[in-house]
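The next block holds one structure in the form of structure tokens; read it before the comments.
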Amino acid sequence: MTGLDYIAKRVLFALATVFAAVTLNFILFRAIPGDAVQALRCQHCTVQFKNALRQDLGLDKSKWEQYKLYLQGLAHGDLGKSVRSQRPVWDELWPSIKNTIPMVALGYLFSVLFGTIVGVVSAWRRGTIVDKGGLWTGLAFYSMPPQWLGLMIVLFVAGAVGLPTSGIKDPTLGILGDASTWDLIVDRLRHMILPALTIGLVLYGEYALIVRSAMLETLGEDYVLTARAKGLSSWATVWRHGFRNALLPVVTLGALSLGYIIGGFITVEYVFSYPGIGLAIVEAIDQRDFPILQGAFLLLAISVIFFNLIADLLYFRLDPRVRA
Amino acid sequence: MIEAARANGSAILEVEDLVVHYPIARGIVGTMQRRPKLRVHAVEGVSFALRRGEMLALVGESGCGKTTTAQTVLRLLEPDAGVIRFDGEDISGLPPRKLRSLRRRMQIIYQDPYESLDPRFRVRATVEEPLVIHRLGTKEEREAEVHRALAQAGLDPPDLFLDRYPHQLSGGQRQRVAIAASLVLNPDILVADEPVSMLDVSVRAGVLAILSELRGKGLGILMITHDLSTAARFADRIAVMYLGRIVEEGSAHDVVNNPQHPYTQALLSVVPKRDPRERTTPQILRGETPNPVHIPQGCRFHPRCPIAIPDCKEIDPELRRPSAATSPAHRAACIRV
Amino acid sequence: MSLLAVTDLHVWFDLPNGRQLHAVRGIDFTVDESERFGLVGESGCGKTTAILALMGLLPPNASVAGEVLLNGENVLSRGEESAAPHRWREIAMVFQGAMNAFNPVRTIGNQIVEPMELHEVAEGKEAMRRARELLEVVGIPGDRVTHYPHEFSGGMRQRAAIAMALACKPDVLLADEPTTALDVMVQAQILELLVSLSNDFGLAVVLVTHDLPVIAQVCERAAVMYAGVVAELGTVDRLFHDPRHPYTRLLFAATPDLYGTDDVASIPGAPPRLDRELTGCPFTPRCDRAFSPCPTITPRLMEVERGHVAACHLNDSAIRKAS
Amino acid sequence: MTTAIEAVEAAESPVDVRPGLLRSKVLRQPQTIVGLSVIGLFVVLALLSPVLAPNPKEQVGPVFDPPSSAHWLGTDGGGADMVKLLIAGARVSLLVGFCAAVVSAFIGGSIGLASGFFGGKTDTVLMRFTDYVIVIPDVPLMIVAAALFGRSLTNIILIIGVIYWTTTARLIRAQVKSVRERVYVKRARALGAGNSRLVGKHILPQVAPLLIANTVLLVAYAIFAETFITFLGLGDPSLISWGRLIENAFIDDALLNDAWWAIVPPGVCVALVVLACTMVGQSMEESLNPRLSVGHLSPRRFRVRPAPPPREP
């Protein structure tokens, strides 16, 4: 087998998984008692309206027909229509996605940076105070429910640092006079920091633990002894022979934990009323707007599959053994 | 050879033209490009016979197919072609259900004494297990059999060992327990796959002596080993394998003292001697054994052979009696001898 | 003065249960320039621990005592601090199981160059050129510096490990079971290489193995270790033809020889546990010639002839007479 | 060819489980003992909750009353005693945690065992399936499933249990595969031992400790997942769990009332139990899989000591 095989196999696998996610999505939403329309909660939802909606959504057709329609729609990028607002799901979700991406990216960056540093140093100084500190803070943040950590930050941190705890934009901004672009950016950032910090801290715990244990495992390998025998200082050994090898499991496990991360940001966005995709999911649950929920879940699933594919390809870059 | 063995009626195991291949996965890209299917030619036409009360050593370097041969003979791997005759009956196509009763009579001990015993089983349970699986004897009878087998394997007195766990035993003792567990069913043949290579030098001889003693009692032993000194010292006959074929076979004395095939000669020359005064110049073959996927045309040894002639690239030699052999049972697969 | 002189070397390990394992219990030997010295014994006799101690490559639960003089300097005087500067420049090592001696994600060349740059022997292109040369010296085409370890066979990896050990032109090469996992033909190639290195470059080689015939064929002198001490030390010729410790004699007798006709017999019993103090000669329970002083009096290494020492009461006429 | 996931697993080199291993290695570690005590304490509280907190939702004082001698942790947004609520919450949270973990361990264990033991096509199919499920984000799937299938305790347990089995399946498969290749299993197979004997006598006993360790870790995940689901208003409305207490505090605007006592304790309880389970599970896994125990690099160094005096005969 060649390296090309590896790539081909991973891409095929990703495509197959997308298909599996799509199908699962369809089955889940058709398996509920009643149908998507019945559970709808809104003021103008009369029986006539609901029946019209059923016809409109194709719910009166057979399941198989519906599946084909669903696949056809998806193939054209059509995620369906929100039953509440009657707007396409994609149009409903796109603004939320735009809000979520920078916030999660900020939190992710924070966690990867600090998690890696703490994990590496912790493993290097194994058994010392530094290690114990890293290990226990990691474990502590890892053990806290993200929504609760968010509440703790609102309760104890937000006031002290004077950052907003809700929404994405200061409602007073622009009322007293035109806000400059700079003001808008700063305001956006200020709203982003606390939710990003919450996500960052939860993930920090997870990454610090993963990196530490991957590093420890690597430092037990024979080539580390060889490196020491060659006269490398202990830091040089860690850097040149520990770090890159330890990255291999970190990349994989990091991608696999994405499902959990997403669960985290749904609740965190809810706590901070941050209008991202998580909040959209919460609102869709509340209003029983299943097409939105379905669309959001599919988008999340595809993004996780995508990042797993990225991790696999990164692995290919990092480990010459799969390139053989 | 096989005819001779059958004539005196004592061959317990006969193997004829055994072939075992493993397929290699081509991968997605390879399949799409319609690359040829590749196979590992692990065993390519091996024939030998093992008599009762005889120890035959299959000798060769790693990858030569000796372990595959042994496992296939016991039907732990499926042969692609060839005949395996056990006590006169062809077992190469026997369905698994019918094999079960035969398995009692063919036992195997493995190389690694640290992996060969269930760490949660006491010695008694390990040795008794074959009897339990085959539902033989009452509890008392089984206990007596366990005692007998342990004593036979040199764990004397057995009572000292019965209740121990493997981690309370030394490597040599573990290997003896493994031998006892295979003796308890009174097998006709025993395959010993590198039985001492993981043991300390000082205890190896003891384990080999046990095998030697068992052979004296009529057991046929097929020993797989890479160690020619051990084979020379303990086996009755030696068969040397190279890339899935037997290239030379004969009595241990003939093969060691009058080697005919150039591969055997090279192999013998690189075995370090115990006596520092016997410093011979080893005849070192360059390179490593080619991988068994692409086997050279003609004689499979010719690319590394010091005496190869152009004909060697064409002719795939058969095992036959070399002109310099002193015994009719000594055969080598080389057109130059 | 010898190139490498080991005097009264001890190594202990603290065990989790609070006990101490006295793995190396006072050994002495010297190695000269371009000499091939063997350290032979069964598993657990302390031979690997002893040579790791020569480089100061011991785990944190270890403690050492004694003197290791390398070119006249005591390597162990201040632990890691005094040991580290000597590593690879003066004393390099080939590890058991070359499979794992290389980092799988770096090229072979990169790993050979690494110590050169570290010890400022060579740098950049010059270092890579030297790496190619070294590979050629051990019989690997130089252009394979860009390959990764998994692209090498077991034998080639062991050769590459030797090339890596030669990177900084060391005086002493320690080889710990360098051929154990290899086939006889490849073993012969590696041993031939070690011999030619010591002959051609004046390299001193310390070969650690459990395989007596290998020592007999490759080394000039050897020490037979048992239970953390040297039982006998001398030229391999004397060790084989005139062993003065029963263990040496029995160990040779337990090793089958291709053309030997004598009985091959195992040594009954097992080596003692080293996590408790030993009294008397540690080999007593397995010895076929033990007599009254053996269980109580620890034998010291005595010179039985020039350059040949053994730790056995049989050689001590005073003790033999007394009992 | 290895995929990234398999390469991570390949690092596992399982150790032989021999008699007394758990007792001698696992139970000696202080972190296991602390973790087990914490879990034990909460289990006892949960079991005694009908006695200690028979009617937890009963209003006993003003809304968001701060801690006092009568109510150690004050009252919540409904004026109920926080201590009683926490004790009652322990019951549901632990129930969900343990039951869902058992469901997961059972599914994952069975799939892993079948996959590892039979190998071949069975293995390929089961692992392909597992890989699909691994990559689909688990928490959102649970949320969606909970939103669709309703809010009973059983449903939540099943949803968590049915989704969280994948890592267990992979772990158990790897272990079973390696045990299956052990010589003693091969020999028993060569002797003609049936599958039930091979699994029951040789393989399961080797795999069971790892499965138990993994189940303990799963308890932590499941308790966590319950708080997510409940926080989004998808829990059983009639039951009190720690996740629900966090939700209630949030909905009832404990933040605006500065009622930290209504928010902090349930999260601390969750964190404590999750931490305890993680500690116990990890220390068990580590002693069964001691690849972290040898380090060639340590901030501590070997020591040099004076030579012992030569012992004169």
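In this document, chain identifiers A, B, C and D correspond to the written order of the chains, with residue numbering beginning at 1 in each.
In the analysis below, a residue touches a chain if its C-beta (ideal position, glycine included) is under 8 Å from a C-beta of that chain, and two chains touch if they have at least 3 such contacts.
In this text, all values refer to a predicted model and were calculated from it rather than measured experimentally.
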Report the chain ID whose CA centroid sits closest to the centroid of the full protein CA set. D
Tell me, please, which two chains come out on top when C-beta pairs in contact are counted per chain pair. A-D
Taking each chain's centre as its mean C-alpha position, how far apart are subunit A and subunit B in Å? 56
Round to the nearest whole Å and give the separation of the Cα centres of subunit A and subunit D. 22
Roughly how far is subunit B from subunit D, centre to centre by C-alpha average, rounded to an integer in Å? 48
If a residue has to touch 2 or more other chains to count, which residues of subunit D qualify? 1, 294-296, 298, 300
Out of subunit B, which residues touch more than one other chain, so two or more? 25, 27
Multi-partner residues of subunit A (at least 2 other chains): 1, 5, 9, 221-222, 225, 228, 248, 319, 321
Subunit D - residues contacting subunit A, complex: 1-5, 7-8, 11, 131-132, 134-145, 147-149, 220, 224-225, 227-228, 231-234, 243, 246, 249-250, 255, 258, 260, 263-264, 266-267, 270-272, 274-275, 278-279, 291-300
Quick check: in the complex, which residue numbers of subunit D touch subunit B? 1, 16-19, 182-188, 190-193, 197, 201-202, 205-206
Which part of subunit B faces subunit A closely enough to touch in the complex? 25-30
For the complex, give me every residue of subunit B touching subunit D. 25, 27, 74, 76, 99-100, 103-104, 108, 110, 112, 115-121, 126, 129-130, 133-134, 165-167, 181-182, 185
Within their complex, subunit D touches subunit C through residues 294-296, 298, 300-308, 310-311, 313
